[in-house]
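See the structures that follow.
Both complexes below contain subunit A, partnered by subunit B and then by subunit C.
Entry: the complex of A and B
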């Protein structure tokens, strides 16, 4: 029962022994990875590195949360920055108007999640009535409405946005609380995503993805299921927005409601594998550091974007369903081919024994692979010779 | 009225096309009722109206004398009306077993189950396996539904509709596009289920299939019922032959 068995496909009924071993391996791997991530800021204390690490963890959680809705239901949302921005503005305005200071600010973060849910309900009730491309367009439209509102309302601070209260922490470990909070949200979201994928709720979501009308005809209350997933996804994204606000210490309309956020989370999930538990996580772990690295390497911002764009084109051409699904498929077919070759080898050996004939019966077992009696190998050899 | 399902004076138009007009169809409890008619006569539209995929312009649908006009598909299913689609619709990216479990979530009545509980308890899986064995595709339980052949998909669709123990099953061309031996297999399964109390309403073009299986047959043409009765009566009804073969007056006249 670890997040490690997450990339396991639907064939979990097959070969229990081998599967348990595989699950144990995955569990061990995930625990080792988690331990490494937990001690990471103690080893790499450079603020530049830990800043990238916090960013990465925020996107890990955001991509996993996005995937709970869009990946499982197939409704591609390009409006999740609405929840991120609402979360950021909620804590920003709360801290400003209620004069919250110091570590007490973190108490406002759950509120950010709740506000995002409150926004998700009317948003979902409208947008979830339409499907596919229309849904994508509606989410983009709602996103721009929110950005415009942030620009124009007075309580959001207009173009100057909202600034975070000053945090009196040791500057050398300033990033650590953010790091661990983002890690906790990320782990919880991945766990939730794994739980949902195997649950009745997750099955209903995936049924909706495959054929929504058919699912309705089998008793699935589709609107309720879609809206619930949308709200869960919004809650986590709102939390992250709140956390991010304190991390950056400021929110502006164009940074809180950032179109790049919409695209990034979607692309991370696509890269890793839409609808898998681990895919979006992998996508975020690769993309965020890569993006930061490229931006630093090529001081020309456009060049880094060209490199990223090329990467995406390559992924879409070579791994259209994402790294995790296509990769695991390749491994499965490679394994099947390998066992196939082994079987063919045994056949060939049996054939050799049969050709040598009764005179060489004594050498038959020796010619056959260990554990296979020559007598049994003989007929099998003839079989394949025919 | 002892009809298990009754569509009364249904009218439904799509723009200028009157798909159903004043159409009344009854299905007796425990029967296998056939619904035949030329292409475009409104058979599938009637199915869609009964199962809530289309709203009626006029008329009412009753299940067990309970008015269910324009009930949503999930409601119709909960009321014990299962259906299959003419172009088989399964969930291609779920396994065969998962396909079965989508429907099984509604067994067990009002008992509340946590949405985060794992899909498919032991009882649900056992029941699903029994049904897959019954229809003959149990060997594919762990395969992705996408890998099934067309005939196997038909059997899967029939299987998962049965999961929730529907009182009546509406089959839209169960024998369409499948080989003769599979047609026999499907017919045998329907007879078996009917003997155990499931009522059927079947749209089908294969006349041998309909005439061999159904107790009663209703014929639609241009959205209205032109005949209804036992297969023998229908077979010899001139209006049915007319609807199907399109006989003209000249044909009826004796040659000079």
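Entry: the complex of A and C
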């Protein structure tokens, strides 16, 4: 029994057990969700449904990748479509110029990630010198430069873009390889995000988010750390761009370098909870199908746009910190209140517990000492926004 | 060649003045509220459509119509501030306000598409079609009128800011919100009115843009906001003179480069921004960013 749990009074004996159970539940839930997602295309074979599913998975991975940089470091990037578009164009131009056909095109996808990293280095060296609003605007400016270059250069095919080689696959299972590839990238990105969050690197990133000057004063090599996160994020986004290109079979300047991509990804992360591991994933899982549903539901495109914007505003005003942080805070405070009520009927030690209860809720379970089982196991979604 | 450059410079300065007015609105909002209003672009288009509706349906002259559209846009601005910006609190307020104003832009864009359809329209009047010989070449009157009006309005804004009591409270709020609150300035009211003023100038900007751009639709808002953002960053966020200078500089640069290649002109526009920021991260006239928090 740790000293901290002793301090918490009579209730403390139940606490580590409950935390362990919660972790087990969470892990079980994640596995069940993963299993459900894995068999999804076997059950729903409708091409329309699986197309939406592939889209959703691409955005799940993209939002998680965006979060690795923007969520952890606090630098809101609205230029990630640059990496997405570069990835798409890399695969497209590579397949066209080297006459790659069929499944061999998939071998070009890692190259898409590498090209995105090659773009991210100069982009990051320029953009990461400025902060906050200015950073956001610089990323937007770089984004426009890339879109305009895609329009104006001849090797990108100008306004007609690049088309993918034709895949002679059975139409009924056409989407499946894309689905599983997107799923694999998504799971790997979420795993990476989780690893980074618990690592020294992740801690350095969050120190930059909280106070960059102080972090530098404490010896964090801020530029190197920021750039590394930027490159990791770019690599995954580039891979996804390549995959997306082969899935859609065509890239145009305005679809590869799409401002809506930047904003959707940011919106997903904000909806779920910026800087949490599960938040952006949740955001993408909710938003992409919702967006598709709205477009289906309202034949009027504009009305669906208005509804989407209104939803967006509602989320920002009602859940300003995202679903995961707000939700987990609500749950912990509810638990603490219950604990407090149970203890209030008992002796003076119980009174003390009731006082400590809300306090513990405010700092979140992640603040528990590492000795407590469960606390170190999964910071995912447990930590409140900061 | 020299003549072409000369024409491009005159053209750039005249159009740049109007962009300057719109950028001043944006930078003023930033200075007081620490908010970048992404909806500014679509609000300009809304202003243009208001002028369009007034002139087509009620046959009100474009400049006369401003007497209606400017107050209307002011009210819309104050309403947006009260409904969506004021409730934002906390540490993520800055990025949340970016997203919230973007959401407002999406909604407005949808509404405009719905009402006016994506077809391009243009504002028309005698001074849009008729040209006058100035500086040795022909130019539609609207360029001159628009520039003069923008100049007058910037002057009026300057007088409000530097010669009135209310302007002083705006400047005080820009410098230090907490201290202003302490000496009895109603910061909320200042913020709401500033947002209103910042949005009201888009009525004028929209009218001139609608008449000079050769056609606009709701999608034009993206083009506008990306330019305006580049301009206010280049000028230094919150700097009014900087926004004006950067607007004239950038639009003139774009106009001159487009003699050789209209396609690459806009790339040069953004490349200039990136280049300047690598040398001077706070923009041309910006104050060095003080340590935050």
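Here is the rule we use: the second predicted complex is superposed on the first by the 327 of 386 C-alpha atoms of A that agree within 3 Å, B and C clash if a C-alpha of one lies under 4 Å from a C-alpha of the other, contacts with A are read in each partner's own complex, and residues count from 1 in each chain.
Here is the rule we use: a contact is a pair of C-beta atoms (placed from the backbone, for glycine too) under 8 Å apart; a residue touches a chain by one contact, two chains touch by 3 or more.
Worth saying up front: this structure is predicted, and the values here are computed from it rather than measured.
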- Which of subunit B and subunit C A:148 touches, first, second, both or neither: second
Requested in this report: Check whether A:213 is in contact with subunit B, with subunit C, with both or with neither, and answer first, second, both or neither.
Outcome: both
With both complexes overlaid on chain A, does A:133 touch subunit B (first), subunit C (second), both or neither? second
### Task
Could you tell me if A:221 is touching subunit B, subunit C, both of them or neither one (first, second, both, neither)?
first
### Task
May I ask you to decide whether A:76 touches subunit B, subunit C, both, or neither, giving the answer as first, second, both or neither?
second
- Query: A:201 contacts which: subunit B (first), subunit C (second), both, neither?
  - Reply: first
The answer to whether subunit B or subunit C touches more of subunit A is C
Both subunit B and subunit C touch subunit A at residues 211, 213
As the complex stands, subunit A meets subunit B at residues 10-11, 13-14, 195-196, 198-204, 206-207, 209-211, 213-222, 228
Given the complex, residues on subunit C that touch subunit A span 30, 36, 84, 87-92, 94-96, 98-100, 102-107, 109-111, 113-114, 222, 226, 229-230, 233, 237, 263-264, 266-267, 270-271, 273-274, 277-278, 281-283, 289, 291-293
Touching subunit A in the complex, subunit B uses residues 51, 53, 72-74, 76-78, 83, 85, 89-95, 97-98, 101-103, 105-106, 113, 115-120, 141-142, 144, 160-161, 164
So, in the complex, the side of subunit A touching subunit C is made of residues 76, 126, 129-134, 136-138, 140-142, 144-145, 148-149, 151-152, 211, 213, 259, 263, 266-267, 270, 274, 300-303, 305-306, 308-310, 312-313, 316-317, 320-321, 385-386
